[in-house]
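Chain naming follows the written order as A, B, C and D, and within any one chain the residues start at number 1.
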């Protein structure tokens, strides 16, 4: 058996090993691969950048641990950006696991030295409203009255007792809505109900699988912008000039893609060489 | 909707200018200290196409709206249950608009409850900056639910058209007309795949994916299973079905039992071969992976609803050396089935498969009906695209459904 | 290297390695993780469904019904009686369990028939509207740009491919062939963008092993 | 009774759901919502069947000491341990910090994430085997996939062209084929639903 024939029947485990190395090894180096920023990500960044201090931002966590590697870095960099610009953050979830994901991201960001120095207070600077069942109906209800959709926050405190919720009745009192989504209910529903119906200013972060379906909404302006997968997360970090997990992971991502493409080329070379 | 949003911006703009204009002229012209002319012809009627808890009010604009003193800012709509009673404010619309939908709640304990079949009277107030004038009281109107939603007529037409196609061809088939169907590679492979398992003396693995029993893809898969099981009964090859959903498991047991009975081998049926694993996606995959490597089935069928797990299953099956036949209506997973299995039924082919396998004239008749449906779709697409190119919007409106 | 002192992280890490060992081949380590995973997940699913769906939906509604009957008797309004309807659902559910008894197991088909019939009617409309009419509506585009023309032609050829009762040969076959080309472009594209998502998942796991668990990164 | 009653139930419920779509009446809405709830309740009872099946099959294997029965014992212990820590504290078991949730966080989530991430390996090996320019179709698949994957690799001057091409593929041919696919699926599913309601398709119902 010639070299190319053997190459065609290569043991899968060799491919597995190389992929494993391609992903693990770059994590040990603190190299940030050059990340080109795209207009769709800039769209989100610039809206947050333009909000005056004290503006209210609503973040909906519509994913579960399955999509953590892609969406968690987005959540963290978004929180960091909001808190460093002194915006008020209201968290909610359309997925049962969502509010928990938000708490994990808060744990990370609130412990970063410059954010910690701000002494942010729960209920004043940020709040977690928790999860409510009902999928897109929750958004509809929030359109008329947020207090009806979420009578109490994640910890059971009535909304009226939370200073941050004073004067917030519906989307008219929210300056920006950001949605992190891995499927249904998610960005599609936020576009249809919050943006189209109630004219909320909406941005989104999606998994790489879902993002291509949502790009059309960014073209029509229903979304101010969208972060797609780990690349989107990395771009946001570059824009905010705070390279973090997304950028670090992007190095692995790029190498892994190169390895896959390399294998595809190798397979074709071997295929044609053996006739 | 983009148009809607544009429109509301326009309104807002108009609204803004109105305020500006009216305050300006207020300073100059003493005649503007007068209230705007009241609206006329207030008409209240039941809102069509709903469950009967909403009344729509319409009126003719005040003569001072957009003309005359031009000082109307908003219209406020008031409601009462008697002409003499207390009128309650129900909402308002900006100047220039002449309808308002008084949408109530259907639950009795809701503060916003609006009962059906009860008379209400309406009054519209034209308001300028601080001054207002009330209209005459409308004639009574009551809300009631409708028996038919007129906005859904396109759907009704489609339902009737499609059913007529299907039933016509089913009847023709029953009368003995034979329909041609083109070959499908995935279907032709089914027999060989079962034969191969028999020769090797190994079982067949049948996976429904993550669908529940109420999904159409799963139901289509049941009918395929029934044909496959009948053949396995004839060939005396065991069939293993690990299930993700308990109802799917129950139906699969029924299906296979019936197929064995039909094949005349009820003794061969083993209920413990159709079992439940777990209803959590990746735990289910872990379990099926184990079965594939330990039982080494000769053939794997993946037919039904599949999500991210499709590729893990298909690659593991390929490592185990099984022949694999797949099919799903989840477009995102088809690439992985195409890449990693031997035959793939793409979308609609999954639904057609039961007709192919059974070769019953009635089922072939419905396939013909489906094709006629497609022909109508293609026809509408071409006609619609041409109409749209020449600026005829009406054609698109034929497909517009009011929800 | 600063391994995590948290025992939970250690358990998670060891289980992760167990699953990864499957890539080499089936082995006892994987078999253990798999069995544990199946058992724990089935238990988790059962408990979650029990507390979050069964209790509020069935017992919750019947509880309300009983309570209003006790306090108001027959004077209760129509909307209060509605809660009793859940008993019907309960009976259908109960019939389902009768499958466990071979003699009367056939009664469970009534519940099955209820589920299948209802959803058949539901999906009949659902698919016709969202997969049929709405897609047609979106595809009716003026043929004024290259993109629109390709879009309409591609949809047209794709539909031709799905014809079952006509032989794919001649001009018809040619159109069907173009249709399958379009499908292949789509499949390739979605394969391509899924790669990024899947690689991210592995990056997350590797970061867990080397960063959070073993503390080898930073 | 065994066969005709179920078929009757299928037709009645099926046609009711079909017709109620066109009837906006409150009563029709009410029944529709209730029916969907009842189906959820039926599903809850059915989970007992699943639990029984899993227990029965595993216990049988342990009893008969079939090879690998130890793993069945592991699965059974996992299952019953979860049931105990889930039932005994009542609804409290779903609150973060309970034993039940700890098991979820430290056992279930890591295994689930690891299983999910196996896809990274498999997607690479599947790409290696499938993406070979054997036929026209395979070549189209290959080119389209590579163009999309290259979006993430810095290509220097070529990246602009590649971005444009990737965007074109996603918004034009990709959309066209998806529409055709969805319309086909719609017609196929509608036909299947109709066959069920008319009682033509009834293999799922058993025979005796």
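FYI, a residue touches a chain if its C-beta (ideal position, glycine included) is under 8 Å from a C-beta of that chain, and two chains touch if they have at least 3 such contacts.
These numbers come from a predicted model, not from an experiment.
Q: Report the chain whose mean Cα position is at the greatest distance from that of chain D.
A: When every chain centre is compared against chain D, the largest gap points to A.
Q: Please give the pair of chains with the highest number of C-beta contact pairs.
A: Result of the pairwise contact count: C-D comes out on top.
Q: If you average the CA atoms of chain B and of chain C, how far apart do the two points sit, in angstrom?
A: Result: the chain centres lie 16 Å from each other.
Q: Could you put a whole-Å number on the gap between the CA centroids of chain A and chain B?
A: The separation of the two C-alpha centroids amounts to 28 Å.
Q: Report the inter-chain centroid distance for chain C and chain D in whole angstrom, where each centroid is the mean of the CA atoms.
A: Computed from C-alpha means, the inter-chain centre distance equals 3 Å.
Q: Residues of chain D that touch two or more other chains: which are they?
A: As it turns out, chain D has residues touching two or more other chains at 18, 21, 39, 42, 46-51, 54, 68, 108-109, 111-113, 115-116, 118-121, 123, 125, 127, 129, 131, 141-142, 145-146, 149, 152, 170-171, 174, 178, 181-185, 187, 189-190, 192-194, 196, 204-206, 208.
Q: Two-or-more-chain contact residues of chain C, please, as numbers and ranges.
A: Where chain C meets two or more other chains at a single residue, that happens at 19, 22-23, 31, 33-34, 37-38, 40-42, 44-45, 96, 99, 109, 112, 115-116, 118-120, 123-125, 127-128, 132, 136, 139, 152, 155-156, 159, 162, 183, 186-191, 193-196, 199, 201-202, 204-205.
Q: Hunt down the residues of chain B that sit against at least two other chains at once, touch-wise.
A: In chain B, residues 155, 159, 162, 214, 216, 219, 247, 250-251, 254, 277-280, 282-283, 286, 294, 331-332, 335-336, 338-339, 346-348, 352, 367, 370, 374, 377 touch at least two other chains, as defined above.
Q: Which residues of chain A touch chain C once you look at their complex with the stated criterion?
A: Against chain C, the touching part of chain A is residues 13, 16, 19-20, 23-24, 27-28, 30, 66, 68-70, 207-209, 211-212, 229-231, 245, 249, 252-253, 256-257, 260.
Q: Spell out the part of chain D that touches chain B in their complex, as residue ranges.
A: Against chain B, the touching part of chain D is residues 18, 21-27, 29, 39, 42-43, 46-51, 53-54, 56-57, 60, 68, 108, 111-112, 115-116, 118-119, 122-123, 125-127, 129-131, 141, 178, 181-185, 187-196, 198, 200-201, 203-208.
Q: Show which residues of chain C lie in contact with chain B when the two form their complex.
A: Going by the criterion above, the answer is residues 19, 22, 25-26, 30-31, 33-34, 37-38, 40-42, 44-45, 77, 79, 96, 99, 108-109, 112, 115-116, 118-120, 123-125, 127-129, 132-134, 136-137, 139-144, 148, 152, 155-156, 159-160, 162-168, 183, 186-188, 190-191, 194.
Q: Provide the residue numbers of chain C that touch chain D in the complex, in ascending order.
A: Interface residues on chain C, with respect to chain D: 8-9, 11-13, 15-16, 18-20, 22-23, 31-55, 57-58, 82, 85-86, 88-90, 92-94, 96-97, 99-100, 106, 109-125, 127-128, 130-132, 135-136, 138-139, 147, 150-159, 161-162, 179-196, 198-199, 201-202, 204-205, 208.
Q: Report the residues of chain C in contact with chain A in the complex, numbered from low to high.
A: That would be residues 23-24, 189-190, 193-197, 199-207, 209-211, 216-218 of chain C.
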